[in-house]
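Letters are used for the chains, namely A, B and C, taken in the order the chains are written, and counting of residues starts over at 1 for each.
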Amino acid sequence: MGNLADCCRRFWCPMKNPNVRVSLPAVCFVWQIAMIILFGLFVRYNEEADAHWSMHMKEKNISSNIENDFYFRYPSFQDVHVMIFVGFGFLMTFLKRYSFGGVGFNFLIAAFGLQWALLMQGWFHSLDPADGAIKIGIENLINADFCVAGCLIAYGALLGKVSPVQLMVLTLFGITLFAVEEHIILELLHVRDAGGSMVIHTFGAYYGLTISWILYRPKLKLSSSLHGSVYHSDVFAMIGTLFLWMFWPSFNSAISDHGDGQHRAAINTYLALAASVLTTFAVSSLSAKKGKLDMVHIQNATLAAGVAMGTAAEFMITTYGSLIIGFCCGILSTFGYLVLTPRMEKYLKIQDTCGIHNLHAMPGLLGGVVGAITAALASESVYGHEGLINTFDFKGKYANRTPATQGGYQAAGICVALVFGIVGGIVVGCILRLPIWADPSDDNCFDDEVYWELPDEEESLPPILEYKNHTTGKIPEMSEISYTVEQS
Amino acid sequence: MGNLADCCRRFWCPMKNPNVRVSLPAVCFVWQIAMIILFGLFVRYNEEADAHWSMHMKEKNISSNIENDFYFRYPSFQDVHVMIFVGFGFLMTFLKRYSFGGVGFNFLIAAFGLQWALLMQGWFHSLDPADGAIKIGIENLINADFCVAGCLIAYGALLGKVSPVQLMVLTLFGITLFAVEEHIILELLHVRDAGGSMVIHTFGAYYGLTISWILYRPKLKLSSSLHGSVYHSDVFAMIGTLFLWMFWPSFNSAISDHGDGQHRAAINTYLALAASVLTTFAVSSLSAKKGKLDMVHIQNATLAAGVAMGTAAEFMITTYGSLIIGFCCGILSTFGYLVLTPRMEKYLKIQDTCGIHNLHAMPGLLGGVVGAITAALASESVYGHEGLINTFDFKGKYANRTPATQGGYQAAGICVALVFGIVGGIVVGCILRLPIWADPSDDNCFDDEVYWELPDEEESLPPILEYKNHTTGKIPEMSEISYTVEQS
Amino acid sequence: MGNLADCCRRFWCPMKNPNVRVSLPAVCFVWQIAMIILFGLFVRYNEEADAHWSMHMKEKNISSNIENDFYFRYPSFQDVHVMIFVGFGFLMTFLKRYSFGGVGFNFLIAAFGLQWALLMQGWFHSLDPADGAIKIGIENLINADFCVAGCLIAYGALLGKVSPVQLMVLTLFGITLFAVEEHIILELLHVRDAGGSMVIHTFGAYYGLTISWILYRPKLKLSSSLHGSVYHSDVFAMIGTLFLWMFWPSFNSAISDHGDGQHRAAINTYLALAASVLTTFAVSSLSAKKGKLDMVHIQNATLAAGVAMGTAAEFMITTYGSLIIGFCCGILSTFGYLVLTPRMEKYLKIQDTCGIHNLHAMPGLLGGVVGAITAALASESVYGHEGLINTFDFKGKYANRTPATQGGYQAAGICVALVFGIVGGIVVGCILRLPIWADPSDDNCFDDEVYWELPDEEESLPPILEYKNHTTGKIPEMSEISYTVEQS
């Protein structure tokens, strides 16, 4: 495996010139124009968003506008939207000098990704055979945000080490792979995965980790002075953490069935998340010499339960079942940050800036397994006759599927997500090694200076950074410096 | 009174060793496991979240999924959730070096508290006599968040002076007391308090203030260098303030009656909050030498109107009635910060870090009184026959209660909340003085260093803090230091 | 034109004494008491918020509480509320030393403005002829927030250069002008403008720009050291940007027609906003020497598409139509920041702190024009017979209006908004030049010190600011200073 990656790495030896003045505008303009043309050719409002809705109501004998899907899903959609842009964005502001890149590039690729996702998912799921058009409504917007989430997860592994152009390419391919993978899992295999443990998190995490493995930077230590947080950047990151944590019940319930499906998914996710907070604090404290808590754990591992509930949230997993999953996730994920992340860099050459292996990969796999087991154990006595049919959608050509079979298909879904993540990651990783993407050099990683105009005169800049700017351009270690401080 | 507290204080003389490496993980693990067992024994989905919902719809002749309580209350629930985690959390980031503790410990105790609250409130309110199980749905989640709010208010008085283990204990007892108090007020006395002026705010504030009185630290001045804000920590606190302020209409309307009840509660709270902003700015400016505004007032006193509208928001209190309450609250609360807080510390030995006496205690009492008066004055001419019955729930065995009697019971509710807060606070305060809770010493208060791994090398650290780290470990006063600054 | 402004400027030559200790409390108290009296005389709950609702349901044969307008609009209302207080507020925290003023004064004037707006808009739109009372419900709260937005936009041009008292005056007149203008446009001309491209953005922007022109400060350079951002203040501003960006679909759909109207408005706005992000990044990168992105563009120009979709969002503008508008807005607005803002200050003497000309004025005009064209091109084949009537409200005395005529009236609406903004701005600007408003002197602009008690001892203050405080009171340029940094 290592040889393959080495081989890939040697084949393309990028020259570093992180100037995106031509490439970034070119990509943005060309792709946005392509979006306009494709939307013009393919995308129309669905019947609930079209001005013919009042006619449609009469035909379908719908008595009130409140039955429009908009009112079932719009509040959840806005919560998901906040998770994508503020949640993921601010979670990535924790680095001392990469907050602009964290929140800014997240903004860029999410805004592009959702357009491409509407098209890709539309071709697979929402194509109206009558006129060959994609018909979109509120549920499509939620799904597009979900699709984008997969790519933002991948960005987490690469934070600070890639150029915005690379991120755009990563997103283009990521969304495409996602849509195909989702089609196979949700439609061909008829797997249930409303909150995306497999489809979103497992896929996104392995996609990002594999790319990071291909893009391994042996001399990343050169940027180590910027590879950490400062006090206030950690507080900014908590904004991201909390909005993700609070709105995860909306994420997992956003496209569940109307009524009890959405209701139950929200309750289960809420409970699991609460439990994972306690075990995260416990393990974080237990692992430090004086019991001191580590902000990295609190910012990330508390969220793992939301990931792990992605598949089973809408099932009758019981309230204590949700708590147990949350309990395990807090431990598992914190353990990952403590033990696995440093070893993965050392032995596997996977540099994972935000620790997505601990927050998305492992909990995503766990969520897939939990979903498969819960599905396999479902019974009419627990769900009721109709409840079972509705929850697993045993209708049409799947009317004869049993819960046990469904469990098997759920397990197969995990494998599909994994394969798409890893194989897709290898292909896209190789593409991203081409020496044309203006990525930063090893000593310029985690530095907003490369792609952003920074404020000229920073009043909160300590002398040490002035020192950098005015003389050698290097930042001395704190220990190399002494300040002249006199008693007056 | 002072003697009693002194006596309590002397009886237990804590030795300070703020290492929570054993105690915090132990408490988190044991309690989380207890939660899992108790949820396993007692907690089930209610009929609106259970997969049998579609059967239930037929039985009750419900025509549409949109009638599921989820759609009535979920948007308000998420707003309340934001208030609990981002609102309270960020409001407590204002200290210059206790932002991690403010937002982090808030996160921990809220996540624990809501689980315990679901159980405690469930036993009192949602026990299904058919099978002895607690049946939970979206309204229970809102109530659990409300219950947690009481403990977070208490945390406000103790911010920076207690260990996370103490906070967990405070929360365990606080939630328990809350559930009993709430049962007495809302069910035995049949009092209306949808936004919790009495049940949440009065109880929580006196609970916290009494504990702070018992835990009085005579040498807290030793930490005075950290007992204040810096520019950016004040901006962080405004995030908390604004989310609390904006979503308070959701807080007061979240569990009001469907339809006009929720509608009216939101409008009344919105108006009262707007009025309190103006009077807060006015008094804050009036009180300073050059009319300069004080961020402490703006961050806190602007919210007092939400507290004071907790009881009466769903009543026909009229729009101008709401404005009058807001008007008074801004003045009262700002006055409290200016005059009462320093005197309470000096004369009553109550150290109230966030000023919860001004933000929750006084406005909570005021809200209880306003609610009692408004209820006593209610009439069929204003509410209509059915409106009166619905608003005050004069049904079943309360069918014969008159508004005047209701007013009396409302007033009794205030007393119950007060008694529970003060007596509960004394008991819990004494428990928290046991020398086993790893609380910080007097010169270590308001310092995240004690319980958190802080970022090693802080680029925004000025020389003065380096000086601390490398030599004596003490921070010199600004005035003791001169910097060498030369013209180039 | 320049002469007129000069003339106005000379006529009133303000003496600068920025002490608001008398004026600010006086204005707040007097106006808040006036609000209470006027609300007492005029404002009542509407039938959906009144306790008679259950009676009303029977009369109107409404089967369920969920049909109460509260459930159609409350989630959107809360999103709009977040935009007003957190969105606008934090967008204005970008200056290095004016974050308190940005978010704090925004809070003050919005809280006042919404009360006055409820009255002014109520007199024009919601007066119940039966009893002469203004009947308010959730839609009125949304409209009040909209009305406030106009004044907050105007604040953007004046940020850092005016006193809170001036802002209160600006708001009082701004809301009044807004209500009249809105009445003319929406009711007399029967123009559709649900998201307010004309009514809110065009009016607000020209109102603010004209006032800024009248209040031109020739010596503003004296404050140039504070007229910029620092690293963390730019991150704070991104909180504002993202909440505005995410919730703009709610803004444009909040008061659209129930059902497909709200649904379509949200989709269209979502798409346009996504497109504008890409073109903003593109132009920002293209314009800088090394392709480096500018935070000012990302914070502002990405939002222009929301402004431009204000009128047409609820029309059948098609999905690609929305993308095209977003595409153009990102370019137009970023171009404005690069080229127009500096030239407007130099040649037109309009100092526009936040660049509202680029974010609100131009996109607002564009939105008005797009709306007029889209309306003129509407046809029954696209909208359906009923859809056309519902969307443009061709009912009652407007039953015979054709789309082409409607387009003409839409265009007329733009002119009305422009005239009100400019003429109103001249009048209010002259009032604000009276030497009684305690505005800051030219060398005190953009400084919170003037109106706020700042934290005494700022740990993140670098020596340079101490230098200012202790000696001459002036801040030296960074280049004038050298720090003594020694290798240990």
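The rule is simple: a residue touches a chain if its C-beta (ideal position, glycine included) is under 8 Å from a C-beta of that chain, and two chains touch if they have at least 3 such contacts.
Since we're looking at a predicted model, the values are computed, not measured.
Asker: If chain A and chain C share one sequence, what is the angle of the rotation that overlays their CA atoms, in steps of 5 degrees?
Answerer: That pair's rotation angle lands at 120 degrees.
Asker: Same or different: do the copies chain B and chain C touch each other through matching residue numbers, with over half of them shared?
Answerer: Counting which numbers both chains contribute, under half are shared, so the two copies meet through different residues.
Asker: Determine the centre-to-centre distance between chain B and chain C, using the mean Cα coordinates as centres, and give it in whole Å.
Answerer: A distance of 33 Å separates the two centres.
Asker: Among the residues of chain B, which ones contact at least 2 other chains?
Answerer: 63, 66, 71, 75, 97, 232, 239, 460-464, 483-484
Asker: Using the touch rule from the top, collect the residues of chain C that touch chain B in their complex.
Answerer: Per the stated touch rule, the residues are 19-22, 24-25, 28-29, 31-33, 35-37, 39-40, 43-45, 48-55, 57, 63-66, 68-71, 74-75, 78, 81-82, 85-86, 89-90, 93, 97, 99-100, 103-104, 107-108, 111-112, 114-115, 136-138, 141, 164, 232, 236, 239, 451-464, 466-467, 476, 479-484.
Asker: State the interface residues of chain A toward chain B in the complex, per the touch definition above.
Answerer: Residue positions touching the partner: 63, 66-67, 71-72, 75-76, 79, 96-97, 225, 228-232, 234-235, 238-239, 242-243, 245-247, 249-250, 258-260, 262-264, 266-267, 270-271, 273-275, 277-279, 281-283, 285-286, 288-295, 298, 302, 316, 318-320, 323-324, 327, 382-384, 386-388, 390-391, 460-465, 478, 483-488.
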